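Heads up, the thing below is written out as C-alpha cells.
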C-alpha cells in the first residue's frame, strides 16, 4: 500500500472563538496544525498511510503536538527532537466583511532551527511512495530550506513521487533570501505542483501575468512554461478561490497534465466555519485522487475541490472527512440533509 | 379548554457545539427531546394545555427528562416508570455543504421496552380533546407499536381528534417489521396526517409517485388516495422543504381538506441554527392552527409554516416561540429587527 | 489635537450566546455599553482622544464599567459617582427570521437619577473640541434630560461642535414627557444630526412623511425642514438600513450639508455577528470622518458606512476596528481574505 | 398530604465562576433563588407539595424564574404579575481567606413594589397546612411587610402552622423602618422560628446577649424570653455556623421546644462549593423533619443539620438533595464514597 | 521490551463539571475510559508498550474511543468491531460530604455482546509478556466472561504473566450469575491479584472476615488462603483507602508475596479532583513496579501508591503522569511546588 | 502623591483550567502578567499611582497586553515598542500532591531583545518616588540586564527609593552569565530587598547557609551580611512559605531594618486558587506598607503577608484586592464570611 511522507512544521494554533477580536478573548482554543501536517491528516482520514517528519521541542507543548498526530493516525516515529519551542500562530477568525487575521510567532522554533543533515532521509523514505512538501518550509529559515533540498534529492533518487504546494506567505521569507533565489532549485524535483500560475511565476523569478482562469484556452500555454522549467513535472493544479466575504467563498479547480486541461465547477461555500487549511485539504484530496484514480484525473480534481469545500465547514487546520463524505458531495449531495 | 395529549419517546440529546465533528468534542450539550414531546412543548408555549405520555427509567437521567417537561409546562402526571435507560441520540450539527449527522443509541430504552397494556389509556385520555402520535413510536419496537394501537383505539372510541406525523426514519424499524406491515392499521384512525405523499404511499404499501408539489393541480388526486385508505381522515398536510445547504433551507407547506388545497409561500431560512425538530414545530403549529382557527385553514397552514421557519433559529429539539412571535412572522415581519 | 466628549449612560449588557433564548441560558455574557460610550470607544480606536461623562454607582459593578472604559482608552476622570445601580439590559441575539430582543432594566439607574447640576460642564468641556450626545439620555429621566440641556448650553457657548444621534427607543420615554416636548430645545444646539427623516420629524413634533431614500432628488427638501428648525445645523446624515433578516442587513448612508447630497452604496452585511451598536459605529465613523476629512464629505460618509458594516461582525456594543481596517474596506477590500 | 406555602422574593442570581472577582468575569452564571423559594425547592425535593407566592414582572426574565419553579416542581399557580423588574443579586464566590461578596440590585423589583391586598390569601392558603416566610420580605419595602402581615393573619386564622426564618440582612431595611419596628408584630404569629438568639433579641428590640452556644444549660433561659414574646411559638431552632474560612465551615444546630433542648453535633464542611442558601436548606430540612417526625425532634434537627451540610456542596441557591441522601448522612455515611 | 496487553470495555464517560448535579448540567464533559484501558494508558505514559483489546461498535462514537487510544499511545490494532453501541457511564462528581454518583448505561454494549471466540488470542498474545484483566469484564455479560476465560487459558499456556484486579461493582453482575460462580475459575490463572481480602473471599465464595489492615501480623494468614486457592498466585496487593470525605482520601497499600508483607505509608490526598480510575492507577503503577523493579517489591508498592495518589489530582479516568513525577513523589516531594 | 515605576517583562500567560494537564486542554485561559507588572497592579489597586516600563511588540498581542495595563489603571505612556513577539508562559495548575508546572516560551521576546539605551530613564523617572525591579529582568538577556543597570543608576542619582525582588528562576539565566556575575552590581543600589537569605547569598556569590527562620535570634547576623554588601540597603524582607501541598500553603514573613527584626504569624492558605504571583503580591503589599506606614514596620509586614495570602485565592498573576480587604484580614477577619 502507498505511504505518503510529508515534511514541514506543526504549530500550536491559538484561535479566538465566535469571531472575537484578539482584545476580547479570555480564552484561546488550542489546536495544532501546519500545511504539510494537515495534508497528512487528510490522507490518514482517507485510509492512506501517512507519516509526518518535523523537529519538535522536547517539552510538554511538543508532547501535545505529538499526541495530536497520534490521535489522527499520522505516523510520528521518525520525528526528531531539539530546539526550544514549538512555533505558534494566533488566529482571529473573521466574518462577513472582516477577514481573518493570522499573527505568526514561529521564529526560532524547533523546526526553524533544524540543522542540515539532522534527518536521515534514506532511512525515512525507504518504504515511502510519495513525498510532499510546501513552500512554507524553505520560507521559515535557511537551514529548513537546506533540509528540504536534502529530502527532495533523496526522494528523487529513490524514485518517489514528489508533490509541492507553492504556499506563498508574505509574512515569512524573513531570513534574507527571496523565493526566487531558493524555490527554483527545489521545484525542479516536483512531479506535481499545486499553486496558481502567478505564484509559480513569481517563485521562479518571472513577472506575473495575471492569468484569466475563465478563459481556459489561455491556460495551457501558461502552464507549459512551468513544465519547461520543472523537468520532472507531470501535473499542475490550481485551486480557484473567489472570496465573496470571509463567510462566503466560491471554490473551483483546474488541473493540467501537459496534455489535457481539466476544470471543476465552482461551488458556493457559505457559511465558512474555518477556512484555514482549506488549501491543504485541496492538496490532500488531490494526492488521494491521483493515487487512487490515476486514470480519472477529472474525478481526482473533483475530489480535491469537494474536499476543499468540506474543509471550510470544519474547525481547526485539518479536514476531518471521510472518502465517503467527499464522494457523496462529488456525486451531487451538497445540500446538507440530516442523516438519521 | 382543549387539552392535547402526545405519546412517544423522549431522549437525551447529546450534541456537539459550534459545528464540531464528534471526534473534536470534549463536551456534549445535553438536552432532551423527541418528536411527540417537541409537539407538546410547542403547544404549551402557545398556551394550549398539553400532556406527554411516555415510559421513563427510574434513574437520575430519567429524572432530568422529567424536570425538562416540567420546566416547559408539559403535564407529566401520567408518565409510567420502568426499564433501564433513557434513549440517547448524538447529534453533530453540520454547516454549509456538510449535513448534520444523527447517531441513535435508543435500543432497549425504557420506552422501547414498554409492555403492552402498561398505560391505562381510558384514564389518561378521559379529559383530552386531541391525541397526537408519530411514526417513530411504532418504529422503535413491536411493543411500542402495540401500545400505540391501544392508544389510538381508545382515543377513537372517545371521539378525540387524532393527528399523526408520518416521521419516517430509515435508521429505525429494526425489529423485524416494515412500515407497511404496521402503519396502515394505525393510520386508519387518523383525522389529521402530516407527511409527504410518497412517505404516506410507502407506509401504506404503495409505490412512490414522486409528486410535483409545484404542480398544485396534480396534488388533490394523490391526496385523495390517502383519504380513501384512511376512513377518518379530514386533513392532510405536507411540509415542503428544499435544502439548499445545511445552513440554508427553504420552507413551505400544503394542506388538503378533501375539498380545497391550501398552499403557503416558500420562505428562505438562513442561517440554520438547528433544524432538528423543525418538522415537529410544523406539527405543533398545525395543531394550534386547527384548534384555534378551524374555519381559516389558510392561516392555520401559514401558522405551521411560520412556526417551522422560526424553529430553525432555535437550539435544541423544540420550538420556544410564542403565538405573538409566530403571528408577527405570518403578518410579514420576518426581517429580524431588534425589539427595543 | 481634537478631543471628543460624549455624555450618556453605560450599562451592564447581559446577553445570551449562540442565539439561545433567554429561557435556555445558564450563562449571560457580561459586557458594558451604551450609545454614547460606544461612540467614544470607536473614536479611541481611531486614535482620537475621547472622554466619556456619566454617573456611576459606587459599587463593584460600577467599578467593572470603569475598568472597561480604561481598557479601551476612553478618559473617565470626570465621571461622577452616586445613585444605587448600574443600568442593565438583557439581549437575546436573534438569527434569520427571528429578531434580537432587548429587555431593559435601567430604571432608577445611577445615570437616570442624576441630579441637575451635578456635573461641572465648564470644567469638563474646557479642552474639548467636540461634544456628542444622543436621544437616549433625555429619554431615561427628566433630570437626565435637564443635565443634557446644561451640557449643550455650555458646549454651545464654548463654540464646541455638537453632534446628536436621534436614537429613538420606544421602550424608553416612560417618565411622562414625549420626545416632541423635550427634543426640540435640545436639538437646536446641534451642528450635526444623525437620524432618519421621519424620526427627526417625529421628535420635532411633525407628521411622518415616509421619505423615499431611493429618490435622492426628494431628500434635500425634507432635510431642509430640519435645517430650518435647527439653527446651528450644518450636516445631517442618515444610516440606511434594509433588514433582510436578523442575519442579513444591507447598509448604506446619506449625508446632506445644506448644499450637496452625498450617498454611499448599499453594502450586504451577512452574517450578522452582533448588530447592537452598529448605529453608534456609524456615528463614530462620521465624527472621525468629519474631523479628519472636513473637505471630503463623501469619504467621511463612506467611512461611517464602512465602520457601520464592520461593526456587525463584532460581538459586543462597540466597534473594535482601526482606521486602517475601515479604509481597507472603503478602498474595496470587503472580501474577508485571510491576512498572513 | 401536607402542603407548604412559602412567600417571598425570587431573584435572578448572577455569579462569577471559579472564584473569579467581578472585574475578571466575562460571563455570569444565571440562576434564580431567594430564601423562601429555596425552602420550597428543598421541600419539593423531599416529596412535600410546596407552593411559592411572589410577584413577578410580566417580561422574559420573570418568565425564566417561572420556568425554574416549574422545573423544580414548586407550584406557581397563585403567583401574581406586576411591576417592572425581577430583583437581581450579584455573587462573587470567595475561597479560603477571601469571603464571598453579594451585591444586591433588588430595589424597585416587582416584589418590592407589591401593593397591599394584591394577593387573595384566603384563596391561596385554603388547602395549605404550613406557611413559611422570612425576615427578608419585610426588609425590602413597606408594602411587602404589610402584605406579609396580611398573610400571617390569614394563616393564623386558618390554623396553619407558621414558620419564620429571621434572616437578618444588614444591606436591606433601607425604606425607613428598623426591624424592631416591624418584626415583633409579624413574629407573634410564629409557631416555629429559625434564628440565633441575638438576632431574635435585636429584632424584638432588645440588647444583644452574646449567648454561649457551648454552654447548653444557659440556653433555655434565653430561648424562654422569645417564647414569652411570641405567644404562638412552639419551637425555636438555631443553626450553629463556625466559619474557619470561606472554604471550610463547621455546622451544627440547636432546637428548643419549650421543654427540652436538642443539639446536633458540629460537622466539618470542606470544601464549600456554594454556601449561599445553606440556611434555607436548614430551614427546609427542619420543616420536613417537623412534618414527618413530629415525635422525634432530635432526628428532625439532625435532618436539618445534615441538609444544611449537603447544601454547601451544591452550586446555586437551593438544596438539590433527596430524603435518602440526607438520611444516609445522618446515619453516618458522610465519607463521600462513589456509588457505583 | 515487555508488552502488556489488557482486555476489557472502554466506555464514553459523560460527567458533570464543577460538582454540578445531573439536573443542573447543560453540558457533559465527554471522555473515554474503563478499568483495563486505564491501566494501559498508565503503562504507555511510563514508556511500557501497551495494547488494549476490546470490541467497538462501527460508528462515530466507537471511532472517538479509538482516537483516544491512539492519542495516548495504546496499541489498538487487534480491536474487533461489532455490536451496536459503546457503553456509557454518567458521572456526577461529589464534593465534601456528598459522594460521587455513577449511573451505568452499558447494557447491550458492543463489548457486552461479544461472542465467544471472536478474538484470536493466540495471535493477539503472541508477543506479549503480560496480560491484565479485571473483575468488571466477567460482570457485564456471560459471553464476556467466557471470552475472558479464553484469554486467560491462552495467556497461561504461553507463559505470560497474568494480573487481575478484582474490581467488584455491585451495580453490574445482572446477567444471572454471581461472582462466586464465575470468578474462581478465572482467578486460578492469576499470578498477581489486586484487591482487598474481603472482596477476594466474597468472589471465591467465602464469608467475609473484615480484616484489620492496621494489624499487619494478622494479614499473611488471610492472604495465604488466597494463595491456596489460586495455584499460580505469586503476589497479592491491596489498596488501602480511607475516605474522609469525597474531597479528602487517605491512600496506602499492602503487598504480600507469599513470604514477606510490604506496607506503604498512608498519604493524605486533598483535594480530590477526580477519584474515578485511581484504583486502575494503582494497578498500572504496580505492574510498572513489578516489571521494572522485580527485586524491590517495597519500591514497586510505593510506586503504585504514589501513582494512585497522583491520579486523584487529574480529571478523567486515567493517570496522565510520568515515571519521573511518580518517583519525585516517592522520594518525598509531595508538596506541590511550582516548577519554573 | 507617590508614584511607583516598575520595570520588567509582561507576558501572555496561557493556562489550563480546572487543573487539566497540558495534554487535556482544548483551551488556554489567556491573561497577561509578569513579576514587576504584577507589583504595579497591586499598587494601582491600593490607589498608589503606578507605571510600568517594558518593551512591547507592535502587533495585536502586544496591544492586548497594553489594554490589560490600562484596564487595571497602570500607566503605560513610557512603554517602548520594538522586537517581534510578546513572551509567553504556559501554566498547568496543580492540585494536592501535584505541583504546578510552568513552561517558558519567552526567549527572543521584545523585552529580551531590548537594546541598551532605548529607554530615556531621566525622562521616565523624573516624577517618580519609587523604582522597583526584580531578578527576572537581568535573567532574560544581557541587554535587559544592562538596561536594568541604567535604570538603577538614574534612579539612584535622582534619589528615588529602589526596591528589588530577588526572584530567582532556575529555568532562566540561559545567556551565558550566572547571577553572581550580574546581580551584585545591580543589588548595590537597592534600598529594599525582598528575598530569602540563601537566594541573596547565592546571587552575591556566597555559599548557602540554610537559615533557620524559626530561630529568630540567628537571623539578624545573616541579614547583616547583606547590609554589608549592599551599601544602600535599609530594609530586607523574606516571605516565609511552607508548602504543605499545591493546594495548601502556609505563609508568613520576616522583615529586618538593620536594627529590629519583625515577624508575622504564619497563616494557612487553603485551598489555593492560583499561587503564581503571590510573591509579587507580597512585594506590592510591602511597598504599600512602607510608603504609607513608614513608622509602623510591623503593620507594613503584616500588610504584605495578608496581601500575599489573599492573592492565593485569585486567578491570574496579580492581586485584585483593595486596601480595605487586606486590612480586614490583618485585623482578624480571615474567616471568609459572606458580605451581604
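A, B, C, D, E and F are the chain letters, set down in written order, and residue numbers restart from 1 in every chain.
Here, a contact is a pair of C-beta atoms (placed from the backbone, for glycine too) under 8 Å apart; a residue touches a chain by one contact, two chains touch by 3 or more.
What you are looking at is a predicted structure, and each value in this text was computed from that prediction instead of being measured.
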Residue-number overlap at the subunit E/subunit F interface, same or different (half cut): different
Chain of greatest Cα-centre distance to subunit A: D
For subunit B paired with subunit E, centre-to-centre distance based on mean C-alpha positions, whole Å: 45
Residue list for subunit C, restricted to those that touch at least two other chains: 18, 23, 26, 67, 101, 271
Of all residues in subunit A, those that touch subunit E in their complex: 67-68, 70-73
Footprint of subunit D on subunit C - complex, ascending: 14, 22-23, 25-31, 59-61, 63-64, 67, 84-85, 88, 90, 92, 101, 103, 105, 107-108
In the complex with subunit D, residue positions of subunit F that touch it: 17-18, 267, 269-273, 309-310, 312-316, 320-321, 325, 329, 333-340
Subunit A-touching residues of subunit B, taken from the complex the two chains share: 18-21, 23-24, 94-102, 104, 169-171, 243-248, 271, 275-276
